[in-house]
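This is the structure, below, for whatever I ask next.
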Amino acid sequence: MQKILPINYIEKINKDYFIIYIKNKELALKSKPGQFFELLPMGNYKGLLRKPISIYNIENDTIGFMIKKIGYGTKYLSQLKVGDFIDFLGPLGNSFNIPMNQKVMLISGGIGYAPLFYLSKELKNKHNSVIWIHGGRSEKDIFDSNIMNYTNDGSYGKKGFVTSNLEKILEVEKIEKVFTCGPQIMMKEISKITQKKEINTEVSLESYMACGIGVCKGCSVLIKKNNENVYKTVCKDGPIFNSKEVVWDE
Amino acid sequence: MNNIETKLGKLQFQNPITVASGTFGYEYSDYVDFNKLGAIVTKTITKHPKIGNKPPRLFETSGGLLNSIGLQNPGLENFIKDELPKYRGFSTNLIISFSGSSISEFKEILLRLEDEEGIDGYEINVSCPNVENEGLAFGVDAKIVNKLTGELSKLTTRELTIKLSPNVTDIKEIAKAAEDGGADSLSLINTLLGMAIDWKTGKIYFKRGLAGYSGPVIKPVALNLVYQVAKTVNIPIMAMGGISNWMDALEFIYAGASVVAIGTQNFVNPKITIETINNLQNFLEEKKLTIKNLIGKANMEEK
Amino acid sequence: MNNIETKLGKLQFQNPITVASGTFGYEYSDYVDFNKLGAIVTKTITKHPKIGNKPPRLFETSGGLLNSIGLQNPGLENFIKDELPKYRGFSTNLIISFSGSSISEFKEILLRLEDEEGIDGYEINVSCPNVENEGLAFGVDAKIVNKLTGELSKLTTRELTIKLSPNVTDIKEIAKAAEDGGADSLSLINTLLGMAIDWKTGKIYFKRGLAGYSGPVIKPVALNLVYQVAKTVNIPIMAMGGISNWMDALEFIYAGASVVAIGTQNFVNPKITIETINNLQNFLEEKKLTIKNLIGKANMEEK
Amino acid sequence: MQKILPINYIEKINKDYFIIYIKNKELALKSKPGQFFELLPMGNYKGLLRKPISIYNIENDTIGFMIKKIGYGTKYLSQLKVGDFIDFLGPLGNSFNIPMNQKVMLISGGIGYAPLFYLSKELKNKHNSVIWIHGGRSEKDIFDSNIMNYTNDGSYGKKGFVTSNLEKILEVEKIEKVFTCGPQIMMKEISKITQKKEINTEVSLESYMACGIGVCKGCSVLIKKNNENVYKTVCKDGPIFNSKEVVWDE
């Protein structure tokens, strides 16, 4: 779907992060955890391509997008005001496979927190018990004091990486499934660990995108299929892949 | 709807708007009624499947897009099996883009496609590096383009369009060579060549170094080349290069294009083709103009 | 200030920042301390005065500038009389750009300039149409470029830079021809070719149809060509094409440029040269880098 | 001079015209009637080149720019708010030659009104008696009810063109000097009339500009000098030329 909608509400988290909320029943109903939209700000936006942004939250008709300021596009989005229009393309991509009555773990790094938030709610709706480990560079990258937080500089929560005690926690908590989103290197490490322990793991990948719908093949990543490496599109075949399929070292 | 009709060589077009190869695919049917397009041009296929280039494959520059897709495609037979049936169903023109690494491979692909129904024309992508010309693209050598066109034109009665590269000293010469070889029409321009380097680290962004450059920024370049070629040849032109709206489309029609294709802009606005058709039609109706009377009518008259 | 020094052939540069011919003139001394520049490159002069093209001469496109100035210049003798004395006073390198319509005219101009003091180098603009090559630009024909360079290099001990056109099939071949002819360095790129048409009326905007295309939009194209040429020749490169800030400058240095020139951006920000020098210097100091160690160090290393 | 300054005040005249005021003593002191600035809006401005805009008014430290919405650049300027920054290059170009104790006439068309406003004040300061004829398409293009106004559609003032009764008025009022700014065709007609009557006439020309300071030769117009036609720059040699020098039909 493509819809031009006004911003309904903006939540500033801190200097680097903010959340844009829009209201649209149709889009909200269609949106599943792990999916994303391609955003194009209206007006004097200088950029050419849309910006892929995950669904952070859905509540009734409201859709939230949690965004980190990186470059021109995300900074432009951060300067928008309530009532400004954005052109939304989506929901796009596949979605997380949500189990029932399991012990699952979410592991996020930085803005990788965003897609897991909506996922965590849906997981709880399906009676899963959820443990969430989140890591960031410093206090600024921490969004919820009620989950397990790590910072690289120790400015909040434990000092270290989300992988620091992961093996032990997975064992102790008897985790049956892992969902992760964050820097490539983090997801790779986690996949190594969970693969050893044979825990089903879903990763949310990122890639530079143009069309967002599977046409341009610009977002291709190497995926193992029947012992062969093939290029799959993150935008349509993904962004969610089973960690076992991902060819991490290309 | 007479005023928006046009022709490309042997083909009748209900309107002059089509899509640039590689920037459009079946996925757009969620957003666009394909039957409303002047034609569908498919992504370039090759004899064998191509997995494409190592990522990253895209990079946005100010107003432009660099791509290094590497002609990822399922190959001729898979295309015929899996994709052609989907496209065949539409009532508009279907133009298949393909490329080869030698003249005989081009011929082989064309002959195989001749067996298939529902195809209205071929767009010959000669911008791929090849062996017969020491690794340079076919499209930069007038003699080879002439020979290739000559051989292909003998093999088909379907529309034969040669897609030209802008990265040449004299595109007029190549265009003439294709015309003399028997091309029914020409398609231009393919992407410019560009590159991206990270100023922080000196890292070359694309694994192959260079990439194809497209988008609004290449429009003035494309417009000039279309104009030059239109003055040189007598066969019709399908134009592309940075076309982002119906006003751009009109500029190219004035420059000499019978048909215009939208490329990169599809990624930005999936409904751009339909919007362009509608806006063009409204404009023509309001001004009581017809496309056919505007083709090549760019003028220098003093005010 | 050692870390920002560089060289262009025979010339020592206090920093790698200079200006692109035709985009800078004495008027900028109100905004820029010329002594702080790596060099001054003057607007191309010709033997006889040229009044330039009929207006309009400028047109802005999305992110780019089309120009059809037509080498308006006072001619060799007026330049020597009225302008050279003003530029001579500065302590930085002075590079005079000139063009001719035949090899003998190029030689004549060079020899006349040899009589004048205070000139450090010549930038040979071979992008003008000429008779010896049937009206095509000198710069598109490797043989002519080789011959021209060969004849000019015999006549001077000053820095001899050949400015290359991007509008060729294979710029490496032309670059090599200039190197083999004895050029001390190469300068690239001159403007792309572009055109503008008014969609409302079909009116061709420039009287000559085509125009030169410059500005940020041509940066990816220039970067690729500089990189290709740097891999091909052993003489240093002065790079230009869309450079708008110190980060762009660094990209070109990584691509292989020893010196970079700012063109169109001077029009936008008259102090851009000085700002670029200062920002570059700060960056180098902070990172403990030197320009000389960055030249041509663009790399493909896998992450 | 080049200065980045905040907008001090904005006056909206109507749908098409607005005035931007800035405060800067140095620039105000240097600015003479007929000169212009090259404006570059800061922020998300997509345009490449600066926009040449005449000095509309100077009052103490305040400089006013009266602008008509035409295309992207002027529309962008119209959306700016008080406090937004603009990069100003100027004052640029030559200026009107202001006589003393004469009977002078100003003739403007559309936005050509802008540079004549500041001029009219300076003319009065120099004890000239000033008659001002202004023309526009319709009521929207009329800015001052106290001058002689013409509209093409008759929606305000007299129906017709500024040239309609010009010969007669020049005679009756014994005009000694004319200043004009407006569409090329209007200035050409006026020049014909005043030349016949041998009335010294200064015109303010327009041209597409890049550098604004005489370097790029992009703004050249044909000017008669000693019976020869030469190209002069509007930005540096102009924008004010004596009507006799201008080669109107190029």
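Here the chain labels run A, B, C and D in written order, and each chain numbers its own residues starting at 1.
The rule is simple: contacts are C-beta pairs under 8 Å (C-beta built on N, C-alpha and C of every residue); 3 or more make two chains touch, one makes a residue touch a chain.
These numbers were taken from a predicted model, which means no experiment stands behind them.
Student: At what distance in angstrom does the C-alpha mean of chain C lie from that of chain A?
Tutor: 47
Student: In angstrom, rounded to a whole number, how far apart do the mean CA points of chain A and chain B lie?
Tutor: Here the centre of chain B sits 36 Å away from the centre of chain A.
Student: If you look at chain B, which of its residues touch at least two other chains?
Tutor: Counting only residues that touch two or more other chains, chain B contributes 62-64, 216.
Student: Quick check: what residues of chain A touch more than one other chain, meaning two or more?
Tutor: 46
Student: Line, ring, star, complete or other: which describes how these chains touch one another?
Tutor: Looks like a ring, each chain touching just two neighbours.
Student: Each pair of chains that touch: what are they?
Tutor: A-B, A-D, B-C, C-D
Student: Per the contact definition, I'd like the list of chain A residues that touch chain B in the complex.
Tutor: Going through chain A, the ones touching chain B are 2, 40, 46-50, 87, 89, 207-221, 230-231, 236, 250.
Student: Residues of chain D touching chain A in their complex?
Tutor: Touch list, chain D to chain A: 44-46, 76, 79.
Student: Going by the contact rule at the top, pick out the chain C residues touching chain B in the complex.
Tutor: 61-64, 66, 136, 140, 167-170, 192-199, 202-204, 207, 209-211, 213, 216-217, 219-221, 223-224, 227-228, 247-248, 250-251, 254-255, 294, 297-301
Student: Going by the contact rule at the top, pick out the chain C residues touching chain D in the complex.
Tutor: Residue list for chain C touching chain D: 22-25, 27-28, 30-31, 51-52, 54-60, 62-65, 67, 69, 72, 215-216, 264, 266-271.
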